[in-house]
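The following block contains the structure, expressed as structure tokens.
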Amino acid sequence: MHLTDATWTDVRDFDTDLALLPVGSTEQHGPHAPLGTDFLAAEAVAEAGAEASDHDVAVAPTIPVGVAEEHRQFPGTLWVSEETFRSYVRETVGSLASHGFDRIVVVNGHGGNVDALREVCGTIVRHDDAYAVPFTWFEAVGEHATRMGHGGPLETSLLRHVAPERVREDRMKEATEGAAERWGEWVASVNLAYDSAEFAENGVVGDPSDGDAALGEELLDAAAAALARVLDAVDERDVSRPERRT
Amino acid sequence: MHLTDATWTDVRDFDTDLALLPVGSTEQHGPHAPLGTDFLAAEAVAEAGAEASDHDVAVAPTIPVGVAEEHRQFPGTLWVSEETFRSYVRETVGSLASHGFDRIVVVNGHGGNVDALREVCGTIVRHDDAYAVPFTWFEAVGEHATRMGHGGPLETSLLRHVAPERVREDRMKEATEGAAERWGEWVASVNLAYDSAEFAENGVVGDPSDGDAALGEELLDAAAAALARVLDAVDERDVSRPERRT
Amino acid sequence: MHLTDATWTDVRDFDTDLALLPVGSTEQHGPHAPLGTDFLAAEAVAEAGAEASDHDVAVAPTIPVGVAEEHRQFPGTLWVSEETFRSYVRETVGSLASHGFDRIVVVNGHGGNVDALREVCGTIVRHDDAYAVPFTWFEAVGEHATRMGHGGPLETSLLRHVAPERVREDRMKEATEGAAERWGEWVASVNLAYDSAEFAENGVVGDPSDGDAALGEELLDAAAAALARVLDAVDERDVSRPERRT
Amino acid sequence: MHLTDATWTDVRDFDTDLALLPVGSTEQHGPHAPLGTDFLAAEAVAEAGAEASDHDVAVAPTIPVGVAEEHRQFPGTLWVSEETFRSYVRETVGSLASHGFDRIVVVNGHGGNVDALREVCGTIVRHDDAYAVPFTWFEAVGEHATRMGHGGPLETSLLRHVAPERVREDRMKEATEGAAERWGEWVASVNLAYDSAEFAENGVVGDPSDGDAALGEELLDAAAAALARVLDAVDERDVSRPERRT
Amino acid sequence: MHLTDATWTDVRDFDTDLALLPVGSTEQHGPHAPLGTDFLAAEAVAEAGAEASDHDVAVAPTIPVGVAEEHRQFPGTLWVSEETFRSYVRETVGSLASHGFDRIVVVNGHGGNVDALREVCGTIVRHDDAYAVPFTWFEAVGEHATRMGHGGPLETSLLRHVAPERVREDRMKEATEGAAERWGEWVASVNLAYDSAEFAENGVVGDPSDGDAALGEELLDAAAAALARVLDAVDERDVSRPERRT
Amino acid sequence: MHLTDATWTDVRDFDTDLALLPVGSTEQHGPHAPLGTDFLAAEAVAEAGAEASDHDVAVAPTIPVGVAEEHRQFPGTLWVSEETFRSYVRETVGSLASHGFDRIVVVNGHGGNVDALREVCGTIVRHDDAYAVPFTWFEAVGEHATRMGHGGPLETSLLRHVAPERVREDRMKEATEGAAERWGEWVASVNLAYDSAEFAENGVVGDPSDGDAALGEELLDAAAAALARVLDAVDERDVSRPERRT
């Protein structure tokens, strides 16, 4: 059930404690992929995961602006502070929980959101009346995960599957040639860079031409299956907190 | 230009300082209209207004969750605190302004957001590097504005025009019969009620059957024309702050 | 009972749950009316309302500085942020409630405070242990309300009745000639102005000479009667929150 | 010049950078003295100090509610958190400074405000565009200061001089007999008590009968003279911050 | 028991509700004494006090950076805001209390921390699940307390006893000659100075040569004995809050 | 140079812009290792790294309490919220920078601090006047990093080298037998656990007996060498932020 499409009476009659909250970002993804890439991905994975699951699941609307200050030098990138992002997620989850959707998977499409989501879900679990856990789709696609990059093979392939009209195929050569090979500038395990403009000429990391719609479909299926497994586990889990060790 | 569809290079090559930021809400709108009504309305009006305008305008993604705690007793209603909402809007506007979109109209679909948007836009204008002004579509439709209600004739008619499949026409009798006549409980100019569940049995205020798709089209056109006039005015306005009176 | 005059033992022996919290502002009111106009009005209305009521009512001291940044270009205007104002009011109300005064009417003398008071009273009602409602005197004077302005006929008349020595009658011509006709600069239902110095040459809106002490007395009586009705309603009201709709 | 009485044009024509901001509290002062004692004292001292000074001085309205949670067990005591109190003072001072009153003496009538005022004035001096310093009247009355107590000889005497009708002389025996001898419960320089109800049966510390209106006049004169000396010093002082030691 | 040395199983088996939380500062103490003077003093006094006490006491690690912005012009001085300092102390105390150490003495080595500690301990006692009280060692050494200064006779003597290698005896003449006689610049009971660089040429107040290791030992013994008495009192005290006066 | 040992005049005469800020935690490390393990490790690595570096480096005092709520069920664990921790680090770094130490490596001993440090260092680099980067020692020891665990082979070995008296060798069998094999409870790339008590019976992850003092020495040398390389890179790096892409 998509909450935005449902009426309150529909929700009243829908009996589950499981919900998905998709979270995207609006940020540069190179000259070939749209600013809304992470939004599209989070929404597509949430949709596919809800379908792949045996459980009834409520799907909340997608949060469009996240933690993306690292891309601020690239025109069109939008962001809020991590603190504001956490508050926005925490309170939205709180309102879901007030209606009985108190086991929530936050379906995340953006690497920059990962730390903030882990923190805020921990806060929710320990201090609020809900259990929440973040699921970042590209961490859950098996070996493919190592090729993530940014606007690279995975994200571009996924777009080719779910929104091919949004990919500027005619700029693929430009996108590939200006791409960085890895995220960050590393010395002895430390990333010295904070802004992607420090190391990515055109904002791309990884080769966006290295994958196609078929790979995109495979990725979406893998992410949806993984999300369905997470929903199973969240449904069954004893989410009470442990007793103090005595 | 819709930012979510554009690449950063598209934005770089797009020369305007005008942007629209649609802001909705996910909240009960009676048994006949979806929780996403305000989201749909804000997005449709922003789209139509951008088209009606002679200016180049960037359209940001729609913020889906707003100030709707007043509907919390109705299942499915989502909300954040006014403080968090203001921060989310302020920082999103700040990131728009960092790219040169520093004259922003916040296109609002929800009455509960009005005060918070007026406050945060004032803060932005006085203390940040942008000019922003809220535009609430149903305040800008002339005499129709007096019939606003909640999930009532105006919103339902607009939906019939822009998303007729989302209106449960088969529940219209139920929606109408359970509707309240006015918003709030008033004594001597004071509204004593804080939650819509105090005065609206099924969440509806006004008669949702009193209007059709044709009225919806008229409302959308009126709102779009009004928004275009606001864009003209914002484009031309001297937005510098006055000097201290001496 | 005025709290500032009472001892704690007097309060202990005073049996009511009703209190008034007057809230003013210190801000420009044109060349003819004092910066303390809203303070004087709030205090006078609270006093008159308490007398007009059949109930025992505690009257708290008047908060002197409110939300008036919109007048900052005019010398002498004092203000705090809306956030600080809300915290100050919320915590003061909380301390009233801790002593059993848990049904509070905030008697407001300033338009700039209205939104912040509505927000904070909603927060108090939903999340704290008290019921509070804002009462803005010039909204409760029937048809006169439409002529409010700023430092205009209503406020000046009220002052002529309650504090005539504070009105500079010798500057009335100057005040009238420099006055604006309406508050704000409007395009398609949107006020484009944020600071009163954008549209009010001498800070006045409306004609301050259009009213006298007799009108002032009428206004005070009307506001006091309205406030008494609100106290009746607050006294009787079931202030518990509604159940979730199921 | 009292700001509340002045118009903005009066303030415009008033040429000084000195202002007084009186700060009181609304809190129990025993069975014989009103909750507004600290408010009355701060206002009276500010008034007398401004008169005693050779300088032109703007006097702001008195802040009525301060840091008084320590008296919360006594009915009628009002308070805000120290954080909110500091914000309210800081922003009020900021608005004073925006009009050129950027050398401010905060005239304080309440011991519980002392620490918060020292902190916030330090913040203002180091980080804002003003110089501010707190002046607590009963610390500036020479040897009398040692007898301060609470609702004791000094405060009661001052009231007998400035507002004798507010002192319940008929309860003086009760006030005296229930009074504590000292503030707090001390072990090895540490005060173990946090609430006055832990050590003061009727809220009084010190003997309120040990002083009369003549003493009150002497105290007021001494405080006013001290405040005038502080104004002289603040007027002359180089308030720029020192250079870093190199 | 020092918490940093203990394992969690040791703590589990340690049966007491008493804990010490030493709090220092890292700040200039003249040319002869180290920046860590207050840290060393707080730690030494906590250690000695725990030994002098008959009670089992847990000793937490020492907080190294406190409220020292007043010394910011002197190189090497570290500080956080009072708000951050209070949060850090409050939450650390909260975690101690969660393990049953809910009667805490905060052992303080720095005058600049005093007000913030009094405030935060009051907040803890009134609103959290613990009793906490600050103990500032140099206030608890009897008549010596009047000679405190800064980097002066007391602190330097204490260092000569507990860490003589940290005192630059060869700079004592320089330290003494540049020392100020008193803390601050006072007019009519008001300290007009906010930064120590306004009145202390080399950062020293008082004569650091006026005391030796023997005095240091005497001071440490006196402080330890005082702290032991405070622990006795805290152990025995009824720390419940008083009832409201009715 | 250790700041706590230096005088302000020593710091004045010390010419470098490099500083280390060690950050630990006080938290359970199983039945065999002390609560202060992370503190000891951070301090030892900072010390060794400063020695291994060719640069002059200031070493700040070690922050003792960090982000460790995940271990709260184990007695003795101390923690502050991530928000407070970030503020404490940010402001401490700000004070370092005010003295010219504006290239800072935060030497971290605790996994729970990693996300918060990355966030706060990003905030510092983008918005404050300093460059800061976190260095977590166990991420910088090459292949050993994969065996980290908690209170496991790496930390226990390091302790055996730097503080062998703190390791309870007699409890090693107990520690090993109750240890978990991995951190967390994972399904499809998602860790469903938030508290270590959910998956670690005695708080240990990994085999603490699998390593000795020789390994500890090797780890310390590797971490120190890595830290020296990071200092080289930080010293040379152009830390200005990139221009906006145009």
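Order of writing sets the labels: A, B, C, D, E and F. Residues in every chain begin at 1.
In this text, contacts are C-beta pairs under 8 Å (C-beta built on N, C-alpha and C of every residue); 3 or more make two chains touch, one makes a residue touch a chain.
Being a predicted model, the structure only gives us computed values, none of them experimental.
When the partners of subunit D are compared with those of subunit E, the chains appearing in both lists are C, F. Counting hops only between chains that touch, subunit A reaches subunit D in a minimum of 2. By number of C-beta pairs in contact, E-F leads over the other of B-F and E-F.
Think of it this way: of B-C, A-B or B-F, only one pair shares over half of the D-E contact pairs by residue number, and it is B-C.
Between subunit C and subunit F the centroid-to-centroid distance comes to 55 Å (mean Cα coordinates, whole Å). Note: centroid distance subunit D to subunit F, computed from Cα atoms, is 48 Å.
Between subunit A and subunit F, the centres computed from C-alpha atoms are 29 Å apart. Residue positions of subunit F touching 2 or more other chains: 8, 12, 74-75, 98-99, 203, 244-246.
Touching pairs of chains, sorted by label, consist of A-B, A-C, A-E, A-F, B-C, B-D, B-F, C-D, C-E, D-E, D-F, E-F. Here subunit A touches subunit C in the complex through residues 8, 12, 98-99, going by the rule given at the top.
The touching residues of subunit E, counted against subunit D in their complex, run 69-70, 72-75, 82-83, 115-116, 118-119, 121-122, 125-126, 133-136, 139-140, 145, 187-192, 194-195, 197-198, 203, 226-227, 229-230, 233-234, 237, 241-246. Those residues of subunit D that touch subunit C in the complex are listed here as 3-12, 26, 28-36, 39-40, 58, 60-65, 72, 74-81, 84, 87-88, 91-92, 95-96, 98-100, 166, 168, 171, 203. Only residues 244-246 of subunit C touch subunit A when the two sit together in their complex.
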